[in-house]
């Protein structure tokens, strides 16, 4: 099992969720984060003085999938979240040793 | 070391924290997330029109434990968070390569 | 590739971000979390009655780096986040199997 | 817009010209300016009545705005997951009260009839002869309505975060339409407490605030504490409100409204309103100072939530004596109420009556104290007030005795009717939501709408 | 501070002493008290004028505060990412309106001149002769300005979350300076609707609210719905507002302001203000009750957002008939408007006109209904109102006919001028921000400032 | 409720009947209507006094509500972690000020005595003979108190986010009780600036706002900037406030209050209040328009925060000249103040005086400018104002000279007393919290209570 962790633009949340859904991946969690990277922070003005927002609002989507689903997930996310401009985000793949479904106690891939 | 990552109902946060505490696991972090899964999103009405909340409020509890504590942790969490109804959540186990305590620079299990 | 996940005091966020930046690590994500550990929760008074905040506000900084950068990252974070008092936080190292840059589809270390 | 007005103005101007011509007229013959003088006297009386109407209406408008104040204080002092619920309750108790007080409440409170020592029985739906020299019935109704709505809305705070919406609606209509008007009749409508006992409550420490507070007490007691309010050892745990800025704004709005509540209770435009505004304000200051200082001393920090409640405690306390006491006495009354409120909050916490916003202490307890203070601090030299001297100013214990009887009578009335009302509701539809709904929050379960979104 | 005042008081006191000495004077010779009486009559007229000024100014101040109410209702009912934008719009439409209504709007609306059945053409920049016996022009301007600003600000709600700031500024100045004053002139400024047709709109259901609502309709229609408002099948999806507590406070503030809006429209201090306040309040209650009950029945839960809109619907509806109907009729009007608003919101949702705050339904539709209700429920016994009986009170259909003509004329005026104005703006600078800006939110893209930070 | 009132009404009615009977009486014999006239004159004077009381009280109530406005502006413009703190300060400065101004401040400001060119020395605790024909002392005190509290509360904004609560309390009591009343006495209490220099400040641009602003300047200067306000190169960094909606509501509340502040400063019910309300409003509009336009031009976006400050800048600026200038001049004054505020905010940022809410620029700088504008724009034709023509209207530079002296004298007074006061506090208890507390936020460290919870 692998955890597919995608950092995307907040405005793409709905699109990514639907794309995953259509790829048969229905379980996922979303977290509001702020991120820094190649995308430059914005410099805003407030009452005339400047301030730089180094950490831009991003959304993180986590979904743990069976290993054979990983590429499907990557494709679904990339397809829905890509704009082609800096700041589109990343996908990280992290190995998951096991999963438990709290409701039933099931373990392993059955628990997903 | 393993990271035990539990996604639970927000209303179970206190119970889970206390159960872990009593199981001797005191270090942990909690994050507000929103999740989708088998539990159906709710359809609400606002000024007469409907809208569906696909991502339901959930709470994520992370705790990194020694490998021998993993089952204890799972039991504690399951015991406290289970209601038996869809939406109780999942526990994911993720291998952790190393840990550092920022305050002292200690490494490994000592740092937990 | 390794994910360096640091839990720090919220007031250290800027310092840590800058320290990582200067160490050449520019990509990162920050999440607001609440944490329990050795640092005792605070007992506050509200209208005369007490309540205990068991989960204290913390900030989580995640950065996925090439394995050779891990120690640099740890040093940068530790240097910037340490106060020497209980509650400074932890760093967890988690193996990352692969990374995808959503914008371009690049994979592996190039995608970082 | 107003054609009737135009007539009056034209008449007035004719008058002026007539008067200006008068000296000449006088020289030639008479009878021109004589009716003039009668008209002028009429116009004078008319203007005073207009000014009275204007003032009482403006005061009522200020009191109306207290609905927003209560909504914000109560929402601020409770959790975000119940904010929609408490706001809906505050809206609904006012709109339902508007209708029930119009239909029956006003008649019960200010009507006459055979049983008029106990209850008024005419004037339903404002069907009442207008005395052309008295305040318009409309403004009387409006001013009294906003008072009634205040009493009703107090209760929602103490019962917050766990009461069924449907049950709330039911009891709210009943309080504004029946319970409040009857005890109000005793004191303000020519009933036995005023006429036979000589009890005095200028602007409603007892009539409005204690009634709300005591009914809140019964309600909170019958509901039981919120889940999580007491730990396994029965020790009270604080459940902090979700927004102190909301509570603070609500308190300032209430304070603003009190400048209508107390000075407006003259029911006429007189210079006495100035004195009343001053006593009102200084008592609020005393309440806040005392509460903050006590909190600082007892609990270690200057607690804003108690400070805000302290200001309200002072305001509730001065409501009865505002027209009868000096500013110095008012400051003392405020200090006393601030202290009493802090003690009372701790007391009710300890005896397991869970009052999320402190309504019982602020309105019930300080309302009673303020009413008694009339018997202690009143001075006859303040013409607009009770017109007697209290115990501390050489007037003996007589007035104090009347006040005690009044306080106890209203307490008993509220406890009895409260138990009957809440008991009946509990039997028939249930008072409290189930535990799961309470934990999830009433916003989603009762209204399907979170208070805050993105 | 005021030296002119001092003179008057001194004069008054001299008068008093003179009068007190009069009996003796009388005994010895005459001619002392005779000018006195003329002076007193003058003083009386002066005091009435002062009281009128005072009341109308206070009412205007209450109406001014409605700007804050609209700001909070609109911000609360939209998303957090557009809150700075909507607040800036609300600020700017008032300040720009203050200037444009001073420069030209007031003249167009209340001026005379050759074309005075259609438009006023004197009094620009308040250059107007002051009639020493009439209300001061300053207070007239102030009171009318806050009304004009209300009409303008209504539009921003319906066009929220997607309109260019620059375009907003442009149309807002134009509405307050030109469109609103001209139709206003027809009804309140001595124009053809009042003079030739006999249409009556006491406080502006049509003059203010419908004008705002119909322009909002054109604007929302030309803009198109917000991204995400309709799903791929064209089914409307709700986009919940970000803060119900803000919307609730805003509604209470508007309600407060309405006690200036309606009773203040007497434009004089009279006892009629009491009756008007009562009808205003009870209609609001009716609107809220009906909306909540309907929402409960139709959609399953007592919806706070609709309840708040219901109160506003009742208030808009009673604005025209407030001085002409009984409280019972007012309650009915409120109930009707509450129901109409719920239906109308569903209707505009279905025909794909996206109105985030319900402005078209609340102000446009209920404004029209309220205006018609004058023709149905008016009773001549209420002196301050239209002075005729409506259809339901034996007055025949004549008044109703006039009202229908008025409603249609203003509807046509707004549709035509609205299409021209918004069409021109769309051509020249564009009405709508681009999709990326809309998704990101106007706060960052248009103002560079998020509404909320840490 | 009011028995004294009843007597007056009854007397009035007897009068009416007497008058109506008069013609007949006249025919038969005389002496009936003669005392009547004296009584009527008395009643007239009495009614004018009542109306004056009513107006000044209502104006004071509006000004009172400005406390909520300041609380929300200041809390909105600072960070969430200090919101409880700033709200507590705003509550406490008003309640402490209520008491200290009652005890000594009012006496220092409006008392007489030997040193009366410099300070008043009687009337402590409101112990003062009531002149039966003048405004009730109670309403004078109330109106002046809310002004004093305004001056005090201005300071808290500039010193926000880093001042010790205890120190704040101390200086706040001192400002309201001593510093403000003394300079106030010079201008409003019969002191040397008014009597010897002929300086005019109708509603307090200098007396209230500049005093608050200059003390804020000293405070902010002595405290030093907030941690993080300047980067390593000394370049100012913006620290955005946590809630623009709060700041916007606060601004609207202040604006509302200003309709009491300026028109109420007539201290009597006169028709002049209308003109004053208009100049007040149009100056606010000018300030906001100018600030938004300048921000748009200089910094690229229409900045809401500066727009809100601009409205306040215009309001502060018009406070002194409001009764003496035409609407056109008022608009100009507003525009000037809006521009000056934007420049001033940038200036103080550059010289490292960190003023989180812009209090020094809005109240100090624009207060001074407004005071000078009296010398430039005053016109003698506006009776309620200074009664002279300013430089631009042919009156020469004399008045301007007086205004300059007044502005400088008050500036000097505030700088000197401010340095002494803040210096003493710094020595004895310390002004600033330690760095760790500042970073964590004052809510938790000073009050043990976060402003927001779940």
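Annotations for the structure displayed:
Labels A, B, C, D, E and F are assigned to the chains in the order they are written; within every chain, residues are numbered from 1.
Note that in this section contacts are C-beta pairs under 8 Å (C-beta built on N, C-alpha and C of every residue); 3 or more make two chains touch, one makes a residue touch a chain.
Computed from a prediction, not measured in an experiment: that's the story for all the values here.
Shared contact partners of subunit B and subunit D are C, E. Between the contact lists of subunit D and subunit E, the overlap consists of B, F.
Repeated interface: A-E and one of A-F, B-D or C-D share more than half of their contact pairs by residue number, and that pair is B-D. Between subunit A and subunit C the centroid-to-centroid distance comes to 18 Å (mean Cα coordinates, whole Å).
With centres set at the average Cα position, the gap from subunit C to subunit F is 48 Å.
Remark: subunit B and subunit E have CA centroids separated by 53 Å (rounded to whole angstrom).
Taken residue by residue, subunit E touches two or more other chains at 37, 40, 44, 47, 51, 54, 58, 240, 243, 249, 300-301, 303, 305, 448-449, whereas all remaining positions touch fewer. The set of subunit C residues that touch two or more partner chains comprises 31, 44-46, 94-95.
By the definition given earlier, chain contacts exist for A-B, A-C, A-E, A-F, B-C, B-D, B-E, C-D, C-F, D-E, D-F, E-F. Listing the residues of subunit C that touch subunit A in their complex gives 3, 17, 21, 26-31, 64, 94-103, 105, 111-112. Residues 11, 14, 42, 44-46 of subunit C touch subunit F in their complex. Residues of subunit A touching subunit C in their complex: 2, 6-8, 31-38, 54-55, 58, 60, 74, 77-78, 81-95. Only residues 228, 439-440, 444, 448-449 of subunit F touch subunit C when the two sit together in their complex. Within the complex, the subunit E residues that touch subunit B are 236-240, 295, 298-301, 303, 305-306, 309, 342, 345-346, 349, 358.
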